[in-house]
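Two complexes come next, and they have one chain in common, chain A, joined by chain B in the first and chain C in the second.
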Partner chain A sequence: MVWFLTALALLLLGGVLSLVLSRSRKTASLVGAISASAGGAVVLLQSFDVLISGQSQSLRLAWSVPFGSANMAVDPLSAVFAVVIALVTMLAAVYGTEYLRTHADKKNLGVSWFFFNLLTASMLMVVAARNGVLFLISWELMSLASFFLVTQEDEKETVRRAGWIYLVAMHVGTAFLLVLFLLLGKDSGTLDFDRLSTAAAPSWVFFVLAVVGFGTKAGFIPMHVWLPEAHPAAPSHVSAVMSGVMIKTGIYGLLRMLTLFGSLPAWWGWTFVGIGVVSGVMGVLYALAQHDLKRLLAYHSVENIGIIALGLGVGVLGISYKSSAMAALGLTGCLLHVINHALFKSLLFLGAGSVLHATGTGELDRLGGLLKRMPITGATFLVGSAAISGLPPLNGFVSEFLICLGAMIGLSGQVSLTASPLMGVLVVGGLALIGGLAAACFTKALGVVFLGEPRSGDVAEAHEVGRAMRWPMIVLAGLCVLIGLTAPLWPVVLQPAVAAIVPQQSSIAAEAARPLTGVVVGSCILLGLVVVLVQVRRQLLVRRRVEQAVTWDCGYTAPAPRMQYTASSFARPLVLLFRLFLQPRDDIDRPQGLFPKHAVLHTHAPDLFRRYVYEPLFAAIVWTTSKLRWLQEGRIQIYVLYIALTIFVLFIWKLR
Partner chain B sequence: MNVWLDTLLVLLILTNLHMLGSSRITACIRTVACQAVLLAAISLLAQPDGIGLRLLLLAAVTTTIKAGILPWLLQRAVREVGVQTEVEPIVGFTTSLLLGLGLLGAALHVAGRLPLPNDAGTSFLVAVALFTMMVGLLLIVSRRKAVMQTLGYLAMENGIYAFGLAFAIEEPLLVEMGVLLDVFVAVFVMGIAIHHISREFDHIDTDRLAALKD
Partner chain C sequence: MTMLASIVHVMCALLLAPALPGVITRVKAWFAGRRGPPLLQAYYDLWKLLHKGAVYSKTTTWVFVAGPIVGLACAMTALLIVPMGGTAGVLSFSGDFLLLAYLLGLMRFFTILAALDTGSSFEGMGASREAFYSALAEPALLLGLVAMTAQSHSLSISGMVAAVTPVAIASPAGPALLLVAAALLIVFLAENARIPVDDPNTHLELTMIHEVMVLDHSGPDFAMIQYAATLKLWVLGALLVGILVPVRSGWWGVDLGAGIGGMVALAAVVGVIESTIARLRLVRVPQFLVAASVLSILALVLVMR
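And now, the complex of A and B:
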């Protein structure tokens, strides 16, 4: 635990130091990034130690806050999350040194690094806290630090708006958590995690509070509305951290809460499966209809959180039907997907940041042809895209495969599950649909951004980003491949973490490793085949002339880059196929006459939950509160009178 | 019990009523200073176990600040701003006095029912303390000039001080030092703020600040 505290101290010290030294932008960046990396490295070492030895470490200090104690521990479950947090923030910090240099002119970089380190430290505190008060304080710090990072470019109207949506969403979530912890501590009189009691209310109350509270952070549909606003608004390395790891603290919270309950009702599992399917499918559908690269990635976070929720659902169903194999496979898949999503989503956000950095725009229909200009960014983005689409031999496939395996156990009738075929269909079918749509979506993103010809002038002059931005992407892409190729190891590595939620025999991990070995062998054959094909192509081209020519251009005499497929035209067939869920809208100004001079087409897919749920809800709140507007008189005397009357009434009421 | 203590308490009540009925700002400032002196005397008398050096020192410090420095600051603010020295009440003087009497009754009633750890002998002191706080609040609510609001806060602070005395232990004096510091800063800031408000708007009538509400 000493090392963990050292890391926290390093992070906070570095943040403050960076704030103090903010006069020199270079020093502030350097101090911030070095402290973030050093803190991350220390946490990484300690967490690996916990994961490998399976021994949790803890620390308990007195703290003079009511119900509070500085009670911290790193068990294998926390360690999995701590590894992810440390790894991604380290790489993002390195990336940030270069990204911020040009992207935040005239901004105080010390402030940015201070909040970055504070965010890292508070995320680590969240996964290590073993006391409700400490947990909530860390949780709130995490929300606030990320709020200030999101609103870094606060001169833009859209960013300010995104910041407010984010802040409101986070606090609504925290309000639910506050009630959750109050109820948990009500009977036991303490908020230490090991002594919480679930007797104060029916268990469904805890479940609903936790799903709404933690789900808002995680981005479950329909609590996801802040994600597509906040992620694009934040600087790219911060988006990578927020989308890659911060939303996972919601999953951590749910997992930690599950450990408090002895037996889990089956309907909890069904709820998670339902949330998973809806979030996954809707997330990827919305992503398909987006025109902005970072917004598209943000919706993919919703999708991946859906996959994680599916894993969680299979795990909970396994626990409630006493099938330890199903439980273990589902939860292992869930945890592994947490790790995997952190890797490839931060990779993709960093890639999007590089594109933004090089071209100044994230709008898909202005980009194009970047693969030749930015080969490293393009190649790593390709790896990330394949991984997020769940394609072997990359890591995304492994975790989705484990979840599928868990669901198959339900299907195969080993478990006396009355509705097992339904679950199998939901989980396996849902995962297949999500994977297919994600592949389509990333074909669109990758194709439009990196292939073809540049669609605007700035893009044509883009060039590869510098070393500090390239290496984090290369490392993340390498890790994606590594996890894909070492798949059989992971159920074993994650076994102690899963055991924290459901006690299980280690034989299941070994059993799960067997089909994964087959997957790896298949992947290796695939890779070998690719290498062979590349060699064959090279052999065939030897001593032949290779030249570039225009593709077939439909008979136009002067083809222009703007005639290429656009992002929205590529996605159009799929969007129309699912128009029931997406309700796409077109603003069209049709060409008129023989020689039309003017024609406009805009395609939108507004977020339905935002339009039909949140906007009416908040309009109602504004309407109600506007009825109380007369209370705001504007006179100090009246305000003091309100306070005095309140105190007086309370006083009299107490002495009644 | 102690006749002197009761006399001082009655005097304190009278100063409160005087503040409610007075139309001159300077008179009100002087009355608050008087209250501070009275309270210092009460604090010396209310101690059951004699007067120690520490107590004397604390009384001296509080008296200097509340009867000396703060009134001086306020007088200076009034002089520099150059406002008319009328109080400009929202609620008239007669009504204020009547309300004050009502509050006195309420304070006596409440003090009788408060579950206090001490013996019943101090309940009159508690009543007066509550009354002083209520008068402070009433002044804040019912007067226009920002200076009068400051005076209201000071009166409230005096009430809190008296309430602390009612428990007849030395610890409240430490608490009192904290409160005093807050009030000192508040008055200091308000003195400056009043000055600036008057420079910007040519008046210090807080009800005309209503134009600033959104």
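And now, the complex of A and C:
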């Protein structure tokens, strides 16, 4: 634990130092990034040590705060999350040094780095805390630090609004967690995790509180509304951290909560599966309808949290139906997808940041042809897109494979369950639909942004970003491939973490490794064939005429870049097919007259949950509170009277 | 011995796949009262394309070149997984059907990207439709295989197909298998760009899906696309034949021969379908594909009953 504390101290020290040295933008950036990387590296080493040895490390300090001691530990489950947090924040920090240089003119970079390091440190504290008070303090610090990062460009109205929505959403979520911990500590009088008791209330109360509280952070539908607002508003390297790792702390919270219960009812698993299918399908559908690159990616986080929830659901069902194979496969898939999503989503957000950096816009229909201008960003974005669509030989396929296999164990006769067909249909059918739609969405994003011709003038003059922004993307893309090709290793690595939730499952990891070996063999054959075919093509063309011409346009002679298919038109058939869920709106200004001058078409897909659930809800709250406005008289005597009355009532209540 | 049979199947598929489109066009010509092109026309085309140079659009990048290469590599790898009746795939393990489905997904991913790389609005339109239909066809395929898992208790596609014996067809689970076959037939037609989903012979770019996506490819690249398309026809066809031709004699030569005979018959059936029904309106296609998913779920219900 010494090393873990050292890392925290490094992060906080670096943050404060960066704040102090903020007079020089360059020094502030350098100090911030170096401390973030150093802290991350230390955590990375220690977490790997915990994962490999399987030995958890803990620390218990007395403090004067009520409800137990300052109790911290890194067990394999925490270590998995700590590895992801450390890795992604390190790379994002390196990226940030260059990104912030041009993207935050006239901003105090010291403040930005201070909150970045505070966010990293608080996330690490969240996964290491073993005391409710410490956990909630870290949780709140995490929310606040990220709030200040989201609102960095606070001169923009949209950013302030996004920050406000984010702040409200986080606190509503935290309110549920506060109640959850109060109930958990009610019987034992302490909030130390090892002495929490679930006897104070029926277990469904805990479950609902945890799903709402942690689910708000994770972005489960319908608690996801803050996500598509806050992620695009933040600077890109912060979006990468928030989307890649911060929302995963919600998943960590749920997993940690599950360890408190001896037996898990099946309906918990079904709830997770339901949440997973709804979040996955709705998330990707909303993503399809978006025109802004970062907003599209934010909705994909909702989709991937859905996939993680599917894995969690399969795991919980496995536990409650007493099939350790199903439980282990589901939870391994869940944890592996946490890692995978952190890798490819932060890669994609960094890619989106580079596009923003180079062109100044994230509007899909203004971009195009960037692969020629930004080859590294384009190629890494392609790897990320294929990975997030769950395609072999990359990492996204491996975790989805494990979740599917877990859901189908019930059908294979190893365990006989009446519920297995429903599970197969929901999980496998859901994942197939999500995968197909995600592929549609990412071919759209990649095709419109990086392929074809530039759709506006600024884009044509874009340049590749600098080294500090390129390398983090290359490393992340490399890791996506690496996990895909070392698939059989991962169930073994994650086994101690899964064992924290499903105790008896020693041989499962080895068993899961066998099909994954098959996957890797298939992937290697695929890559080998690609190499061979590249050679064959080269040999065939070596002595033949290879010409350059314009794209075939059916005899039309003056093609212009604006005639290309747009993102909106690409997604239109799918958006219309699912119009029941998306309710797309068109604002159309039709061409009129014999020689029309102009015509305008805008397509929107507003978030239905925001429109039909939250806006009426908050309007109702405003209406109710406005009815209490007469209490506010503005005269000080009245307020003194209120205080006196309150004390009087409290006295009577106490004397009763 | 079984491994040998599997390898022989892959060899046969690699050699015979281009004959399938020939059979389809011959049957269609017979229906139309024409003589039609020779059976081996696809081979002649491939040979000719392989000996040509190539023309690339100035707009395109390496993604355009990668499209056909990755596509063919995916189709060949998928061929290693797919069984032919009782003959298991060369590569067979629990969950191999997921790899098969996602390899076809990767192939599509790159074909769509290569189409978008040209910047042509026709190809963009084809790409959009391909992405649209395949997003609906993929659940149908996987749900069909889930139903087969429930029937065979095997998580490997070779095991699933091998369990379809005459005895199984005659058992109460038989109708379920036929429903799965119906669902897979729909997926087979949609994924291979056949009528009633797509018309490979239409002469208007606006109405094509698969063919319009590959308008700009030429020479060896186009040969790879054509060859990959015939292999994909074989891969998905082999699944269908595995259910509909339950010859499981135990002699691998007989089983494999029956399977290949089944493939030729399937090609003839596709010819009949293409000659007798019209293409669906584009807005009707989703319903057709969702029907395949529903058939698969129904099959699952029947198996578990």
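FYI, the second predicted complex is superposed on the first by the 626 of 656 C-alpha atoms of A that agree within 3 Å, B and C clash if a C-alpha of one lies under 4 Å from a C-alpha of the other, contacts with A are read in each partner's own complex, and residues count from 1 in each chain.
Convention: contacts are C-beta pairs under 8 Å (C-beta built on N, C-alpha and C of every residue); 3 or more make two chains touch, one makes a residue touch a chain.
Computed from a predicted model, the values in this text were never measured in an experiment.
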item	value
Which of chain B and chain C A:Cys554 touches, first, second, both or neither	second
Touched chain A residues, chain B compared with chain C	C
Partner chain(s) touched by A:Leu655 [first = chain B, second = chain C, both, neither]	first
Touching partner for A:Ala644 - first (chain B), second (chain C), both, neither	first
Chain B versus chain C as contact partner of A:Arg635, first or second or both or neither	first
Partner chain in contact with A:Leu526 - chain B first, chain C second, else both or neither	second
Touching partner for A:Pro596 - first (chain B), second (chain C), both, neither	neither
Chain A-facing residues of chain C, complex	50-61, 63, 65, 69-70, 72-74, 76-77, 80-81, 91-96, 98-99, 101-103, 105-106, 108-109, 112-113, 116-125, 127-129, 131-132, 134-139, 141-143, 146, 149-150, 153-155, 205, 215-216, 219-221, 224, 282, 286, 293, 297, 300-301, 303-304
Residue numbers on chain A that touch chain B, as the complex places them	632-638, 640-641, 644, 651-652, 655
Contact set on chain A toward chain C in their complex	368-369, 371-372, 378, 382, 386, 389-392, 397, 400-401, 404-405, 408-409, 411-413, 420-421, 424-425, 428-429, 432-433, 435-437, 439-440, 442-444, 446-448, 451-453, 514-515, 517-519, 521-522, 525-527, 529-530, 533-534, 536-537, 540-541, 544-554, 559, 561, 563-565, 569-574, 577
Residues of chain B touching chain A in the complex	90, 110, 113-114, 137, 140-144, 149, 206-207, 209-213
